[in-house]
Structures are given as C-alpha cells and as structure tokens.
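Look at the two complexes coming up: subunit A is in both, with subunit B in one and subunit C in the other.
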Partner chain A sequence: MFDLKRKINNMNLIRFRFWFQIIAFALIVYGGYISFDLGDKLPTFACVFNSEGTGGKCYVGMLQHDLKQPFEIFMGFAGYAFLISLIMFMVWFWILNKSWCGFVCPLGTMQDWLTALREKLKIRFSEYSWASRSNIKSIKYILLILLLIIPVMISNSILGLPKLPNGLSMPFCDICPGRMLIPAFTGNFNQFYIDFSSKTDLVMTTLGMIIVGLFLVGSFIKKRFFCYFCPMSALQYIFSKPALLKLYKNGTKCTKCGDCYRACDMDILEIADDVTSKNLVTEDCILCLKCIAACPEDGCLEANFTGITIFESTKEGFILRMAINIQKESHE
Partner chain B sequence: MKNNFYKTISIFILLAFLPLFGSNTIWLEEIKAKSCCTTTAKKSNAKEFNIKKGNLENSETVHDLKNAKVYIRDMNDQIIEQNINGKKISFTPLHKGSYHLFFEQKSVEGGILHVALSSLRVYNKEGNITKSIIKEIRGKTIDSKHAKEPLSQLPFEVIMERPIRKHHINCCLYSGDIAPFKVYYKGELQKNIPLKITMETGWTNVIKPSDDGVISFEIPRNTYAKKEKKHSEKMIVEAIYRVNESGIHNGESYHDIEYVMSMPLSFGPSPLEYESKFLGFATAIGVMLVFSLGVYYNRRKKQKTPKEIWFDEK
Partner chain C sequence: MNNTNHNIESPKEKQNRHKAMEAIKLLNTLREDFKAPISSMEYFYDLFERVHCKHESLHNDKTKIGTMCIQIPSEIIYALDGVPIRLCNGFYTDDEIGSDLMPQKACPLIKATVGHFASGNFTDKPDIVFSPTTCDQKTKAGTTIESFGYKLIDVDFPRTKESEASREYWRRSVKQFAVELSKFQGKKLTKNNLRDAIKKIGYAQSLYHKLSEFRKNEIVPILGMDVFLVTNAFFFDKIDNWIEATEKLISELEIRAKEKITVTGKAGPRIIYTGSPPIFPNYKIPQIIEESDGIIVADETCSSNRMFNDMVAVDEWNIYDMMDSISDKYLKACTCPIFTKNEDRIRRVVQLAREYKADGVIYQAFAGCTVYEMEQRSVLEAMEKEGIPILYLESDYSPSQGGQLSTRVEAFIESLKTRRRNKK
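The block that comes next holds the complex of A and B.
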C-alpha cells in the first residue's frame, strides 16, 4: 500500500496527464462511433454539433435549451427537466471538480497540444498583464450571465423589453470554438460558416469565426488562453465547494519558493502566496495538479478525494521529476 | 445487359402509370394546436392525428376509420396497440422523446384486399416527470430516431435509415441530404420494390433499390421556395407491393393483397442556400493572420534596445 502511494507520488505527472487527456479526448470526440454515451449533462465541452462522434454532450448547450421556454411552460415540466439536468450536471461535476478542465475537456486538451507545439518550435510564451487580470476574469461571468439571460428573453418579455430573435437560442454555442473545432477532428468542417439568413445569425456566426481564429493563435502563444474566458469554468466554480476532489495546501510547510506558481498554466498567484487557506481550488484553477508535482516540500500540496490523499508533493517525487526534465533537456 | 434492359422497361412502365400509382395513399398528419390556444387548451400532453388521403396539394381527411388499428412504439421499443374511436387518433405519450406511430386499415375492393399502412415519427417534448428522471440520468442512449427493426405487427413496412447529412444541423432533414430507406415484407428485406417519392410542389420520382436493398435519393432543392430558413416542405415516400394470396376478410373474399405503405416527412431548405463556408474559413484565417502579426510586431517592439539619451551638458 505504502509502495503504491510512493509510486503515485513519484509518477511523471506530465506523461500521465498527456495519456489521460488523449483517452478522454478519444472517448468524448469519437466515443459515439462505438456507442459510448455519457449523456448530455457533462461539465465539459463535449460538442452536440459533433453529431456522429460525440461520446457525451456539454451541459452549457442543454442549459441554454432548457432556459428557452415561456414562463408558463418553465413552471411545469420544463422546470422539473431543468432541475434534473442541473442536478445531473452537479453530480458529474462533483466527482472530478475542476479536473474536468485539466484532464477531460477537449478544448483544454487542444490548447495543451498547441502549447506543446509552441514549446517544440521554441517560441516564447505570453502572459496577461497583471493590470488586465481582473477584467479578464470578469469576462467569463459576463458570458455566463448572458448565456443564461438571452435564451430566457427569446420566449419571454422581461421588464417590458421586446423578445429576442430565435437566432440567439444557443448564444454561447454560436461563439464557442468547440462547435467548429471538435467536429473538425472527425473530418466534419461544416461548422465553419457564416450564416446570412438573418442579421442575428450573421453577427453571431461571424463572431464565432473570429473567436476560432483568436482561440487558435491565442492558445499557441498563451497557455490555456481560452480557459480565462470560459463560462463553463464560471458555472463550475459556483458549485465547486462541495466537490469530492480538492486541492489542499498545508501553509505551514510552504516556503513560498514559487515553483508551484511557475508550473501553473493559469498563473494563479494564490497557490504560492496564500498560506492561510486550506482549499486552493480558485475560480481559474483547472486542477491539472502540476503545482503538486512541482512542489519540493513533503505534504505541502495534496489532491484529496473524499478525505483520502491520492497525490501529494514529496521531496523524492520532486527530485525524480526534476531528473526527468534535466534528462529531456539534455537530449534536446 | 438483358437484365438492365428489363429494368429500364419496367421503370418506364411505372412512370407511365405514375398518376394511378398511389391513388390509395393515406398518411398520418399531426393536428397542431393553434398558437392562440396553446396556453389554455394544451394542459395535457395528448397528441392528435388525422388520416389524410389524396395528394399533398389537395388532401382530404379520412373519416371512415373502420377496421383501422394504430400501433405506437416508444423509445424503449414497447408497443401499444390502440383501436381508433371516432375520426382521429389520439394518444398521450408518457415519456419525453421519439414515438413512432403505425397505422393499418384493411378493406376489400374488387376482390383485392387493400392494406393501407402509414408510419410517422413524433417527438414529445414533455412527459411524466418521475418516468423522465431515469431517462435524464441515463442520457439519450436508448432514444433513436432511425433504423429500428421492422415492426412484427405490420406485414409490410418502409423504414428510414439514418440520413447522410451534408449540412450542419442534425435534428432535421434538409434538401441535399441523402435519405436512405429499406422496404421489408414479413420482416424480410425486399430488394426489388421501388419507392415513390412525392413532393408537396408536385415533383415525383420512382427510385429502385440498390443491390443491397437500400433505396436512397438526394432530397431535391425547391428552386421556387421562399429563401427562408424556417421554410418547411412536405414529402411522402411510398411503396406498393401486391401478393397473390387469397382469403376472406370480414366476410368478403379476395384473391390478391395489395400493401401500400406511406411515410410523410418534412424537410427544410439546404443551409448551403444561406451560408458561406468560404467566408467562414476566410474570416477565421484572416483573424489568425492579423492576431499573429499583431503579436509578432508587439514582441519585436519590446525586444528593441532602448535608445541612449545624451544630455546636452551645455
């Protein structure tokens, strides 16, 4: 038992995550071909527009669909269906917490692949300026509020305002890069289009194309570029407190060396700075566990599932991983 | 060569008799609640259907539904047989999802037993909440719109397989999609029964099955339709099969049985009529180029060594 724990703590997390992400990507993008289906309440971008291959569907799409109901219908069956969907989403989410982003999300995996490509090409990465961080953080909440309000306003007149056009029924899906890029992995490029049928569709589909372009270049130069704006991440954070998987920090063991911050793809300063909080799953955290792998202190950071430590920082693990990195760099 | 010649001749004969072919066509049509009355009248999930006869342009409602039966298949493959009382079919679906209705009516005319059959897929948006919880939990794995096994209660059936879509939306049929069908007689796939397709606009065609028994055709574009995304057009696919079999039905004897199976479908205009893929790609690539150049020049600017400042000591 102790040996297994030691092996886990000493593992090469980068390699484990790489293969885990590939398997998750294959199941979510191609699972439909082998009748694999995790339902349509997944807390990750499994795209409904990837009709043939998808092994599950994203809850954000379902949420927009559920909310596009007249009030009188929403107060009946549609309201119950919405609650069931929301509970299912929370159950899925609570199992892995924000690890859905760090280990499962196909858009996150694509961004990690683009980062790996940039590293191979030896192009340096970019960072958001500290001055703009708080503004960037708020974008995902603005997107979340819009994607909740717009579908409601299609079927209902709120505060006497006119109803919105039906072309806005899936406002986030229209601009989500996953709609274009996930089906593209099955050879389906049909989502790359501009719709001229109405002004709303024209604006939304053009915006979608612009965001795909920004996503591809942005993710190439900035690690996890899109995750800062992701409304799914904002929605997840609302429900993250009771989740089963947690990232714990023992502040008394922290030397504030900053290794965890440097390893973090999301540049979360609190991981190195905060020595008072125990639970360090912040709004931007993707629970990739890279901070634990980078920490040189025994038991300072740990991934905890239902009270059981499943992966923690150790001196030995840190040294072994450093040795792997040095070996890799000398080969290059 | 000789086989092909006979096939061509038989198609010509079929086309020559096209106006006669299908005169007994009946099909199911859902009675939609009027938008004015939905909030007050539609308190229950009950769905109602008329039986239509004639052609799509000038159809009449069939009121004589003697000896008619309806089979309803839900998404769990459970089949309910329902006798028809009155002039229309009505049923209340319990679950949220796709239901298939199968209509059968037998009558003897001129010594021929006419078996009029029709099927229709209906999607129920609402349902019994307790029943729905299980379905919501296990996802959509059991709900399939297409390619079910032939219904054992029907001797003759046309089944639509999953269409081959050229466009982006997967819920509906669009012009340009390739719709594949199979015809079954007593559960056996038939490889020589043609399918007649009739569009609302009057376009008709008879399609032969391929060697593997699949009858597929590309849904034609309606050049004169309004260029509206929401425009919907109806079509009916229909197969006829006559068997030399004698018997007695309701005291009347017959020497032949003629099966006529129809399936009404709706389709929309091809998204290609209002979409531009070229502009989509061009926009994405354009943004990538502009953004990349912006980053490149921004980084180059930052790399420049600062200019030395010489103070004029005078």
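The block that comes next holds the complex of A and C.
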C-alpha cells in the first residue's frame, strides 16, 4: 500500500495526463462509432454537432434547449425536465470536479496539443499582466448569463422587450469553437460556414468563424487561452464546492516559492500566494494537477477524493520529475 | 651585527598566518573535541585546511566568477563554463583589515569581505565579480571593491518579492547578468548547457535534502557545525568533488543512523539556528551551542539552508522558461531579511521547528547587520505566539566575546532541558 502510494506520488504526471487526455479525447470524439454514449448531460464539450462520432453530449447545448420554453410550459413539466437534467449534470460534475477540464475536455486537449507544438518550436508562451488577468475573469460569467438568458428571451418577452429571433436558439453553440473543430476530427468540415439566410445567422456564424481563428492562434501563444473565457467553466464553478475531487493545500508547509504558479496553465496566483485556504479549486482552476507535480514540499499540495489523498506533492517525486537524478546515473 | 637571516614578515604573510591559525583552530576542534567523529567529514576538514592553511588554489584552469550573495545564479555560471566563488567572508583577520575601510558600525561580514578584496590575497582570485544589490552594505561595498581595481558588475535586485513588477524586474536583471557573463566568457548559453547545469546543481541540492533527513532522527548522527562546513564548502569547491564527498558522507550517515551513533549527549536540546550566516571560520555561536550540549538540527541562514532548500523547477525545458525558473527561484523562494515584508521567513522557521522537532530557536545577528537586527522583534513575537522558546544574540567576528555569549547560550540550553523534563 505504502509502495503504491509512493509510486503514484513519484509518477510522471505530464506523461500520465498526456495519455489520459488522448484516451478521453478518443472516447468523446470517436466513441459514438463503437456505440459508446455517456448521455447528454456531460460537463464537458462533447459536441452534439459531431452527431455520429460523439461519445456523449455537452450539457451547455442541452441547457440552452431546456430554457427555450415559454414560461407557462417551463413552470410545468419542462421545469421538471430542466431540474432533472441539471441534477444529472451536477452528478457527473461532482465525480471529477474541474478535472473534466484538465483531463477530459476535447477543446482543452486540443489547446494542450497546440501548446506542445509551440514548445517544440521553442517559442515562448505569452502571459497576461496581472491586472488584465483579473479583469478578464468576469467575461466567462457574462457569456454564461447571455447563454442562459437569450434562449429564454426567444420564447418570452422580458420587461416588455420584443422576443428574440429563433436563429439565436443555441447562441453559445453558434460561437463555440467546438462546433467546428470537433466534427472536423471525424472528417466532417461542414460546420465551417457562414450562414447568409438571416441577419442573426450571419452575425452569429461569422462570430463563430472569428472565434475559431482566435482559438487556434490564441491557444498557440497562450496556454489554455480559451478556458479563461469558457462559460462551461463558470457554470461548473457554481457547483464546485461539494465535488468529490479536491485540490487541497497545507499553507504551513508552503514556502511561496512559486513553482506551482509557474507550472499553472491558468496563471492562478492564489495557488502560490494563498497560505490560509485549504480548498484551492478556484474559479479558473482546471484541476490538471500540474501544481502538485511541481511542488517540492512534502504534503503541501494534494489531490483528494472523498477525503482520501490520491496524489500529493513530495520532495522525492519533485526530484524525479525534474529528472535531477539523471545526474546520479551518469555519475555512478 | 648580522641581520641577513632576519626575515621581516610581509603583511600578506602575516594575513595568511593569522587566517591559517583561525582556520586550523576550528578544524582541530571539529576533528578532536566531539565524540564519534565522522570519517567522511575528513574530506571537508582537509579541503578547508588546503585552501586556508596551505593556500592551495582549486580552480587554476577555470574562469572564476566571484559572487557577493546567494542571488547570483550558479546555474548560469556553470552553463557558461565558469566557476562560481562566493566571496562572503568569515575571517576575523580580514574583518580587521576591512575595518579601516568601512564605517565602524558596518557588519563584520561586509568588513571581512572588503578587507579580503583590499588585501588582494586570494587562493582563487575572481576574474570578475557580480554583486547583487541586496542589503545596503553589500550594495555600497561594490564601489569600494571596484576602487581596488576589480572588475565588478552590479546586478539589480528588488526589495519586494510579492509584486508583478519586482518579478519582471528581477527576470530582466538575470537576463542581463547572463548576457554580461556570456560576453565575458565568449560562450553562448544554450538549451543543453543550461539544462545540464540546472540538473547538476539540483542534484547537489537534493543531496543536501538527503543529508537533512538524518537530522530529523531522534538520535542526530551529525553535528550542525559539520553541516555548516559541508554547505560552506559549496561556496568554492569543485562541484563534482563536493557531490562525491557528500554522497560518501550520506552513506556513512546511513550506517550511523542504523547503529544509532550520536554526536552529543542524550538529552541535548534540538536547536534551529537562524539569523546572520555562519561562514567559515566564524562558527562562534554554533560552536558554543554544540559545546554546551545543544545540537543544531536545522538552520535558516543564507550560508546553508537557504542556499540549498529551493531547487529550480522548470515547466518547459527551453531557454526562455529555464531562465524564468532560475530567476523566480532566486527571488520568490528567498527569505532574506532585506525584503520589505518577511512573513515567509517566520513561517519557514516555524515549519523547521515543527519538522525537526526542535526544542528552541537561536537567532543570531551580527552587530551592524541592520536587517536581521530589525527583523528580530517580529520573529521573537511570532515564536512566542507559537510557543517556541527563542534566544536572540548579537555577535561579531572578534574572538574575545566568548564568555558572555556562552553564559547566555548555556542558560538557554539548560532552560530547554528543564522545559523538556517538565513536559515529561
């Protein structure tokens, strides 16, 4: 038991995550071909537009659909359907917490591949200044509110405003890069289009194309560029507190060396500077666990599942991961 | 009268003789005065004897890069094929020479360092010196040293470490340092040579961590003074030799730990040492502690723990990220009292006391080392809050102060013993 624990703490997290992401990507993007289906309430971008290949469906699509009901119906059975969907979503989410982003999300994985490509080309990543970093935090919530409110406004008149055109029924899907990129992995490039049939469609599909471009360029130069703005991430964070998987920190052991912050793809300052909180799953955290792998202090950071430590930072693990022991091999 | 055989001792010879006396006195104490000496420590005793008594040069064939503080990244120096020589000095002889050049109230470490430069009497004379702008005295000493004709380059160091600006500022300074050194050496910094240097130093640091593990044992198999000697040797020794000797030391300690061989009395209180750095041969306070039956189990000083504790952690093994990792390690992880706020240092001392099950803390400041003197209050308050006994001492390099200091240290250690008995 002790040995297994030590093995896990000494693991090469980067490699483990790389393969885990590939398997998850394959299941989510191609699972449909082998009738793999996790349902339509997944807390990750399993794209509904990848109709044949997808191994499940994204809850954000479902959510927009559920909300597009006139109030009278929503107060009846549609409301129950909505609640049941939401609970299903939460149950899925609570299992892995934000690790859905760091380990499963196909859009996240694509960004990590672009990052790996940039690293191979020896091009430095760019970072936000701390001020802009905190300014952009609210964008994901604004997107979330819009995607919740627009479908409602299609079927209902709110505050006497006219109802919105039907072309906005899936407003986030229109601009989500997943709609275009995920089907592309199954050879389906049909989502790359601009729809001239109405003004709304024209605007939304054009925006979508622009955002795909930004996604590709952005995540090449900035690690996890899209995740900073992701409304799914905002939605998840609302329910994050009771989740089973947690990132815990023991602040007394922290020397604030900042190794975890440097490893963090989401540039979360709290991970290094907060020495009082225990739960370090912050709003932008993707629970990729890279911080734990980069921490040199015994037991300072840990991944905890239902109260059991499953992976924690150790000095030994740190030294192995930085491959400092290589020197010893050549020395002997 | 025939006076042809009369040799008048030159100032340089006198300096060498005095320094050799200081060095050998401490080395003999370490060799002979404690029970169960460690045989693999002989490498280190011999190393200091060769350098300070026999004046042997270690790095004839290499460019010697003098550093004035721990903030000059050794990784970059090794990558560019230089040898870092840390010039912080612990000799009273040099302190006296420096006294004529520095204000009366300056810290003895600075006076000794400046005195050493003034004498120009080096076994391994630095070809270029890099001086980070850490404390006031070190910052200003740079110009004095330069006036003796040395090539000295200031490396801008920020006095806060929390802000984004200070991080950026220091990253730029380190880049500038690498550029200057690369020009001086006529060698380019590459991905490979930098990575190898990071890993080599990381490995040396990991050995220090291994060494420290033994000090957590209930029966401590090594003296604190011996560990100070090992870490001080890292200032100037050939890194490969140091690594080999430390590996040997660790294997010997493994055996000693198994056989439960102790270096002090059974009830010797466990001490955390913090404050101004003990630098060979100024082991005045550590010596008093360990001769009074205490044992230093860990320290928080820049001549030992602070130099080894934090290793460079790289995320992307390309030059850009390695350089940033190096810069961050020397700034963010540093607990030097020159920083404005220094909660980190207090937290480190508390954590060390817990981890090494210490009975008390001894905080020593050099008279004139303003930053440590100023921080003393906050550390004392914090320790009181944590219920960790602490003793504050002021000392300098002079050999005359012993009696008064040892009375205080002995009393403190006795009180720790009583405290421990009462607990039982």
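Rule of thumb we're sticking to: the second predicted complex is superposed on the first by the 323 of 332 C-alpha atoms of A that agree within 3 Å, B and C clash if a C-alpha of one lies under 4 Å from a C-alpha of the other, contacts with A are read in each partner's own complex, and residues count from 1 in each chain.
The working rule: contacts are C-beta pairs under 8 Å (C-beta built on N, C-alpha and C of every residue); 3 or more make two chains touch, one makes a residue touch a chain.
Just so we're clear, the structure is a prediction, and the values are computed from it rather than from any experiment.
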{"item": "Combined model on subunit A: subunit C and subunit B, fit or clash", "value": "fit"}
{"item": "Between subunit B and subunit C, more extensive residue contact with subunit A", "value": "B"}
{"item": "Partner chain in contact with A:Ile194 - subunit B first, subunit C second, else both or neither", "value": "first"}
{"item": "First (subunit B), second (subunit C), both or neither touched by A:Ile139", "value": "neither"}
{"item": "First (subunit B), second (subunit C), both or neither touched by A:Leu86", "value": "neither"}
{"item": "Partner chain(s) touched by A:Met11 [first = subunit B, second = subunit C, both, neither]", "value": "neither"}
{"item": "Contacts of A:Ile310 with subunit B and subunit C, given as first, second, both or neither", "value": "neither"}
{"item": "First, second, both or neither for A:Cys257, with subunit B first and subunit C second", "value": "second"}
{"item": "Subunit B versus subunit C as contact partner of A:Leu244, first or second or both or neither", "value": "neither"}
{"item": "Shortest CA-CA distance between subunit B and subunit C [superposed frame, angstrom]", "value": "12"}
{"item": "Shared subunit A surface residues [contacts with subunit B and with subunit C]", "value": "124"}
{"item": "Touch list for subunit A against partner subunit B, complex", "value": "35, 37-41, 49, 51, 56, 72, 76-78, 80-81, 84-85, 88, 124, 126, 180, 189-198, 201, 205-206, 209-210, 212-214, 216-218, 221"}
{"item": "Partner subunit A, residues of subunit C touching it in the complex", "value": "162, 164, 191, 199-200, 202-203, 205-206, 209, 243-244, 309-316, 318-321, 324-325, 328-329, 332-333, 335, 344, 347-348, 350-351, 354"}
{"item": "List of subunit B residues in touch with subunit A within their complex", "value": "39, 96, 126-127, 129, 132-133, 136-141, 165-168, 170, 228-229, 271, 274-277, 279-281, 283-288, 291-292, 295, 299"}
{"item": "Contact set on subunit A toward subunit C in their complex", "value": "119, 122, 124-125, 129-130, 252-259, 262-263, 272-273, 275, 290, 294, 296, 315, 318-319, 322-328, 331"}
